[in-house]
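These are the structures, in structure tokens.
One chain, chain A, links the two complexes that follow: it is found with chain B in the first and with chain C in the second.
Right after this comes the complex of A and B.
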């Protein structure tokens, strides 16, 4: 059993570490064409229903040169990377990209893309921020229908309601598998360390969701068979946009700091909200956004994120919260002072790490993670 | 009426600024609710409800211009705000904590009113105000227009929000919304915007009777006085003065001649206003326009909620590259520009991250030169006088070459 788990872990890690290769292989294996999905909530189900492969576009560690043509240096590195890659031709295998305009940077990226990668059509998408009022909900369904139409044009086939139902079912299975995986993984930090956890979850973005879900289910089953062992380190909750680069997570693994739960946009925010059962698939997709809570990209006057993090810490027996702050990410940066204060009031220690995708020195971070771990031990 | 003859629009402007802030402080003292609102929001609703309203962006700019921003910025950064976040937000969030500014005080709010047609940053900023001050927030979300025109379904969504907001305002004030008054306010707001636009259009004349840095001052009032009689009178008055100056052939300054006409892209550098102004004037450069005259030219038919929604969603920052390109190219022609100064403003990612492409396109379409300089609207630390000077010199050289070439035919 153990060796079975280890081989799945290694396979998924390898997928996540080479996005380009992985996407090419998945395209070949499935015979599907690929559509790029910008963060945060591209409607992957629509793409899947169209018989195409949704691919996550979360930047990467590439040298930034060409992107300076469009973006000042104070733009988040993830979008500078995406523009850089687009100009280098690294995305040429994509049939189109979907860019939602959750933040001011994404609005501009959507516009620049039209020029930086003219060969790859962009399907812009607007999620309403006033999503909890009727007019907002209707608008969101209209946007989803518009994107559906754009995908039909690209795939040159209609996307029927039945196809949407099937795709939604695949994603429901994926999301429920992920929720179970993260909770079981939290019991086994000796096998699923911070780095592995991240890579395993990330691999979904470059895989076919159905095949990926099978692997995750097998992995979870194997983990469940393992006895729960005492963990010599500490557990934490991670928050932020994305916990990268992987070398950063190596530091966590080395210092026995495990991620017991997360609120990362790239990870749990993708699957933590439960879907409603009523309505057609378009409406259910819209409800998923309506029901998402504590996400900085979706307007929420109550700002429940801090409270949510406190509960996550308590429910998982974690000792603190680690903030992976993508430098220059305005929405994430605006949330920080609010939840930081709430966490501090609740007596929960916070480790704030500013990250970029191009980082060459980790020495300082290493020291900070070490002392955080020592303080909490 | 006699006084009117002596009163210049500049005097009146100063009176109105004082009246605006005193009125809001007075309302608060009398126990009336106060609203904080974003700069291009549908203020018609607030005016109809007779709610005292102040505009944090104006306030932050005023603090910045009087060189008082750092205290508030440092307070906000001490709470964990990143120095990369919009400095208007940092100044205001700092002020919400300190609640005292030498430059100008404003009353603390009871209601927040936020419109995302200028950026999504204001949504985060106002959410935080609502959370920390524990007061309600009315949000107008105006989708980014990635198409050239504002799409119909966006208009329906925004109209729905106006209707929803009216209900929220009724709940908040426990008063009925007066639709007749609303109609009047709409009419007045449109008329005020028309005078604002007509006044700023006088800068098309050569030489321009308008010194564009003056426009920055009047801008504060088009933000907060669109929907009332004072604002209407001010902009009409300013317009008439500019008309008289233009007809008399007078240029922007008494002490110098207008040699070059440029557009300023982006917000002013408030803490360095006089430095940035003088460096231009030294070379006879007059800033004759920017994208702002149109941003507050919010025009629609009275009682047409959909038209109102569309007008508010149509400002420059909320439009796609093709629209923005056409817009600036039109300004180059209409205002006979010789060059463009682009302010790469550390605060405003939405305006910055399309600037390079706009610059290239406008240059290709019009052949006029331009420069980009680094700055910030209110954070005094993000501006280098030396860099600014150098860029302006380079612009002058390029503009001069163009003129020379034109002279030679």
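Right after this comes the complex of A and C.
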């Protein structure tokens, strides 16, 4: 592989593995202040337009010692990690956090945050339950305008329409680059293994999107120059909230199981939907939520996720679907029986892995992954 | 000669097969990964077969300790090895229930005896051999005495706690209220059968149903499983060594493949 590509991969992996250092460095390099963004979707474009740095807050592998003061043990480990980090001071660099209310735990986190990190203001954000009716769309635009106003107060300057257009263009370039990257990476599993793929995508959360997009484009171009080689392992599609911790993905790489496509909330769900061209930026942001499909955090009568996974498997030559089920993630658990049945009806094997961010023992998971690989070989 | 080694959490098993896939010997020692179980079981196995390691052409290791087994040429999971072993020992098997020391697995086979689907218990010890160990301790009997104790039950009591730790408290509470040990023992077996039956439903049950692992030595456990599933359930021959036998069969195949590639 070209040394240029190797150095970009290593750089992005290092960024994803050290979020705190990476955010501090990005802040220093860009001179921007940072705003934290809780999962699943946050209007990062508004933050970027305000001249600030959006930072993804998807938990991490920290020992949970303090968070139990505010969150029960049956809350998912991402939320418990975020509260733990806030109490340990890891988020002290943030100017504010945006907390959307996609699940029952997130709804309570807005209040928990006020006591766990009283110095960092919260901008709560409520997405419409009925996003595809006119009232839901109008509500969504008004909610985005409210968040815009809150960010203007924090940044102490107006966010003009022109600033919004520029920021939206940066994010459109980012999303387009990511769609191309995951497509090209699927052809090169010997170079972009499961762990690398995850870390490369995750690095975006701690980088300036413009600079990050440049790196991804360079990496994709380097990959495209490489010949497509036969892969001795198997390809799968990953679904779920998040595929972490990275040690879990090492097991996939060790057993020659490559992730050819994903439906992970932390990964492809962020950039797979195409944006509409009409309307102002606020409307286009609202349309992005309206047009998102197959995401359990956004109410959808049709339940398109199963069919979408089937198509992903067929389009990428994958042999099965791996479910990364974050323990205690109710929305993801609600969807599972529905798409599992659809996948099984289509003859697609499913591997279910229950995960937490704080995992010490991987022996059982290793047996499952290796068995799945042996079964599909 | 081809060697299969199954290093589990509470026992170590080994099996030898010859070039015509005949089972030459199999041994079980009741100490598992992280102990000298491997040395002991190999010494006993080779002694019984009148062979040395020099006679072994290829070795496959399976079980939780497979990745740390230095003598193995290859590591294959216990799910694949149990499927291989059971298909060899009991033709026409559709579903395997393997209740081991620290986990339980349900494996559904296709008509050719290959793994079609599988499910494992989560980290919890409910529905595993560990649960029975805890019950045996509370009831003051050895693990192999638990089946006979349950066989003398006249009244089935329900152990409702899913968690092994809470179930232990529940059983102590039952005993303190004067419930007979025999009835509690039966309740423990039924409790495991219910948990594992839930696991079976995740992959679907196809007859014939065969149980493997040390817990299958408990005939009252096999009967309880049969009642829960409403299917005839039988214990596999050499029930503890099935994984090792499957590993030995894989060793034979791998050696033949290697020879063909070299030839």
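The rule is simple: the second predicted complex is superposed on the first by the 376 of 377 C-alpha atoms of A that agree within 3 Å, B and C clash if a C-alpha of one lies under 4 Å from a C-alpha of the other, contacts with A are read in each partner's own complex, and residues count from 1 in each chain.
The rule is short, and it goes like this: a residue touches a chain if its C-beta (ideal position, glycine included) is under 8 Å from a C-beta of that chain, and two chains touch if they have at least 3 such contacts.
Note that the structure is a prediction, hence the values are computed from the model and not measured.
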- Could you look at A:103 and tell me whether it touches chain B, chain C, both or neither (first, second, both, neither)? first
- Thinking of the overlay built on chain A, is A:126 touched by chain B (first), by chain C (second), by both, or by neither? first
- Query: Just chain B (first), just chain C (second), both, or neither: which does A:368 touch?
  - Reply: second
- Task: Applying the touch criterion given at the start, work out whether A:221 contacts chain B, chain C, both or neither, answering first, second, both or neither.
- Result: neither
- Winner on chain A touched-residue count between chain B and chain C: chain B
- Partner chain in contact with A:349 - chain B first, chain C second, else both or neither: second
- Pick one for A:134: touches chain B only (first), chain C only (second), both, or neither. first
- Note on the structure: chain B and chain C footprints on chain A meet at residues none
- In the complex, the residues of chain A that touch chain C are 349, 352, 354, 361, 363-364, 366-368, 370-371, 374-375
- Query: Touching chain A in the complex: which residues of chain B?
  - Reply: 76, 79-82, 84-86, 89, 116, 119-121, 123-125, 127-128, 130-132, 136-137, 139-141, 143-144, 146, 153-154, 156-157, 159-161, 163-164, 320-321, 344, 346, 348-350, 352-354, 356-357
- Note on the structure: Listed in rising order, chain C residues that touch chain A in their complex are 64, 67, 75-80, 103, 114-120, 122-123
- Query: Where on chain A does chain B make contact in their complex?
  - Reply: 69-72, 74-75, 101-105, 107-112, 114-115, 124, 126, 128-130, 133-136, 138-139, 142-143, 146, 296, 299-303, 327-328, 330-331, 333-338, 340-341
